[in-house]
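Sharing a structure below in structure tokens format, with a few things to ask.
Order as written gives the chain letters A, B, C, D, E and F; numbering starts at 1 within each chain.
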Amino acid sequence: MKRYLFVISRSPYRSSHAMEQLEAAMVAAVFDGQVSVLFRDEGVWNLQENQSGEASQQKTLSKVLAALSSYEIEDLYACHDSLVTRQVQMDNALTVKTLSLAEQSQLIAASDAVVTGQS
Amino acid sequence: MSLHLVFSVQGFHACQRRLHANDSQYLLGDVNYAWSQAAQVAEITSYLLAADAKTRGISLDISAPLTHIDYPDLVSLTVEHEPVVSWNE
Amino acid sequence: MKYALAVHGAPYATQAAVHALSFAEAVLDQGHTIERIFFFHEGVYQGLNGQIPPQDTFNQNLLERWQALTERNVELALCIASAIKRGVLDDAEQTRYEQDHPTLAPGFELVGLGQLVAAINSADRYLEFPA
Amino acid sequence: MKYALAVHGAPYATQAAVHALSFAEAVLDQGHTIERIFFFHEGVYQGLNGQIPPQDTFNQNLLERWQALTERNVELALCIASAIKRGVLDDAEQTRYEQDHPTLAPGFELVGLGQLVAAINSADRYLEFPA
Amino acid sequence: MKRYLFVISRSPYRSSHAMEQLEAAMVAAVFDGQVSVLFRDEGVWNLQENQSGEASQQKTLSKVLAALSSYEIEDLYACHDSLVTRQVQMDNALTVKTLSLAEQSQLIAASDAVVTGQS
Amino acid sequence: MSLHLVFSVQGFHACQRRLHANDSQYLLGDVNYAWSQAAQVAEITSYLLAADAKTRGISLDISAPLTHIDYPDLVSLTVEHEPVVSWNE
């Protein structure tokens, strides 16, 4: 099976980008793909603590993320630089490994298919 | 006096550079993320959509010249200001 | 006061619908009037018929919320030029261009850009919801 | 080589269609194959029936160009979850949800996200056209 | 009649934003409105010389702009700062007045309705 | 080696920071505007969609490590590279 990298570069509640990306990642995992997810740039806001999607009648993204391990998606990565620039307070229910820019280059190079889901 | 509706982080930056003294601005959606890192303009009164801030898990220091409001308050602001200008880069 | 509103964003791509609907409802609740909501650019997708709200997002039925505004004397007007190039057609345009089916949702209508200008002209306030 | 493509942008909002169509045509001209083009997010609006190209822009008929690819053994597949919440329905979904009319253009079909993964898996290359 | 300000903040050929904005501005002028158009940020690329929409099977935006005067739209403005930052080479068939940021604030304040047309 | 398809100005900046030595990048659409102002990375081979540059009236100095190409050349590039990564913020 292929190594998939799903990139989430958009913030959670403005558009359905992040949610639709996660749905695709879960399907790839169900199909036995080796799935990694990378949060970078505005996408790191998906990791912010104390989200409450209900206040906007939406699903809470951080809760969806916390459930990814039950789909055997364990490799969640976040851009260290993007987190620091934005001063994101990460939800401590999430297990996310932070990567340098160079490590992100390597992650991309080691993937067979990169799904960005941007429109 | 103008009221600025600011919908995106980049729109926020475009707006800040073109504010008129005594204007007001109302921040929606992802602009909640931008506020905390922005240099604040003293003469500008700023309002924030409470629901959008809560959704995103952003708790901002509202001792700054910033007030959390909801849609009915926004209606009152639009009665008091003209024109109403949207920013969304 | 009399309001004219414009919506430029598509459903799910932006929060335009949620922001505009919540504002419009608050305007009407306070006794003001909205003559027309004008859907422009990607905003015309708000009037596409057949949108099925996902069952997991609190049954957020945007189309029904728009349509409910027509009972409060709000006209829902799609820019005809923006709409037909994107495939949002009423009966007349479907017939004119010999297409299979109309795709415009009930309660919405297709109008020219002149109706945007007319609405702004007669309103006390004009607001746009791009996202 | 065997390609899988994905398109994420709506017509007129982005250049996704023009870039993806031109690339797909060049791929086929060089003797490669494209198993499937997967339309995701706002990309599903590419498959909306009834798009009338503006007469002033060189008769750029995007829908016809997509449909012409099906004659070259390319499957045009819309993500069903993305499509039905936005109002792009085939006959089956129209019936299931009791809507007035189907809105999907001929030549396109609605499929699950599994078909995106399957296409990527069996392809030598996967490319995305977001804009 | 009202004083309209149409703002164009998007580049020309990526989306139909600028073209649809200009169509709206022409209609407002036909309705006897007093119409100004402001190009700012990425929108100043609409003023670039040597555009050739045909190469992408689109209308050439700078030619549409040059025809605005026949709709009695004479007040075209561009953000000086946006032009300089991007090193735009302005089409000399266009008559456009450049404005400072402060002058743009005044232009907005002097308008009855500001149409941005952003999505 | 990866091939990067870059579709927007902001995507260009996000991509530049994450390029791997010996990667190639292909610039489409509005990225034509961004190139001329960008610091160029010596090891990266860059290609530009000729039609998009012409449309926008941008004539770039192609003595820089930059080549104008069309769709058939892009197909060849995708044959030579894997993965192909899109950037469009």
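Definition applied: a contact is a pair of C-beta atoms (placed from the backbone, for glycine too) under 8 Å apart; a residue touches a chain by one contact, two chains touch by 3 or more.
What you see is a predicted model, and the numbers here were worked out from it, not measured in a lab.
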Would you mind naming the chains that touch chain D and likewise touch chain E? C, F
Label-sorted list of chains bordering both chain C and chain D is A, E
Centre-to-centre distance between chain E and chain B (centres being mean Cα positions), rounded to whole Å: 26
Chain-centre distance (mean CA atoms) for chain A and chain B, in whole Å, is 28
Mind pulling the chain E residues that touch 2 or more other chains? 13-14, 16, 42, 56, 58, 113-114, 116, 118-119
Give the residues of chain D that touch two or more other chains, as numbers and ranges in rising order. 10, 12-15, 41-42, 81, 126, 128, 130-131
Which parts of chain F, given as residue numbers and ranges, touch two or more other chains? 8, 29, 52, 82-84, 86, 88
Interchain contacts, given as pairs of chains that touch: A-B, A-C, A-D, A-F, B-C, B-E, C-D, C-E, D-E, D-F, E-F
Complex interface listing, chain C residues touching chain A: 12-15, 18, 56-58, 60, 131
Listed in rising order, the residues of chain F that touch chain E in the complex are 8-9, 29-30, 33, 36-37, 51-52, 54-59
With touch defined as at the start, can you tell me which chain D residues reach chain C in the complex? 10-13, 41-42, 45, 48-54, 81, 84-89, 93-94, 97, 99-103, 105
Show me the residue ranges of chain D that touch chain A in the complex, using the header's touch definition. 6, 8-10, 13-14, 16, 40-43, 79, 81-82, 112-114, 116-118, 120-121, 126, 128, 130-131
Could you list, by residue number, the parts of chain A that touch chain D in their complex? 1-2, 4, 16-17, 20, 23-24, 27-28, 30-31, 33, 113-119
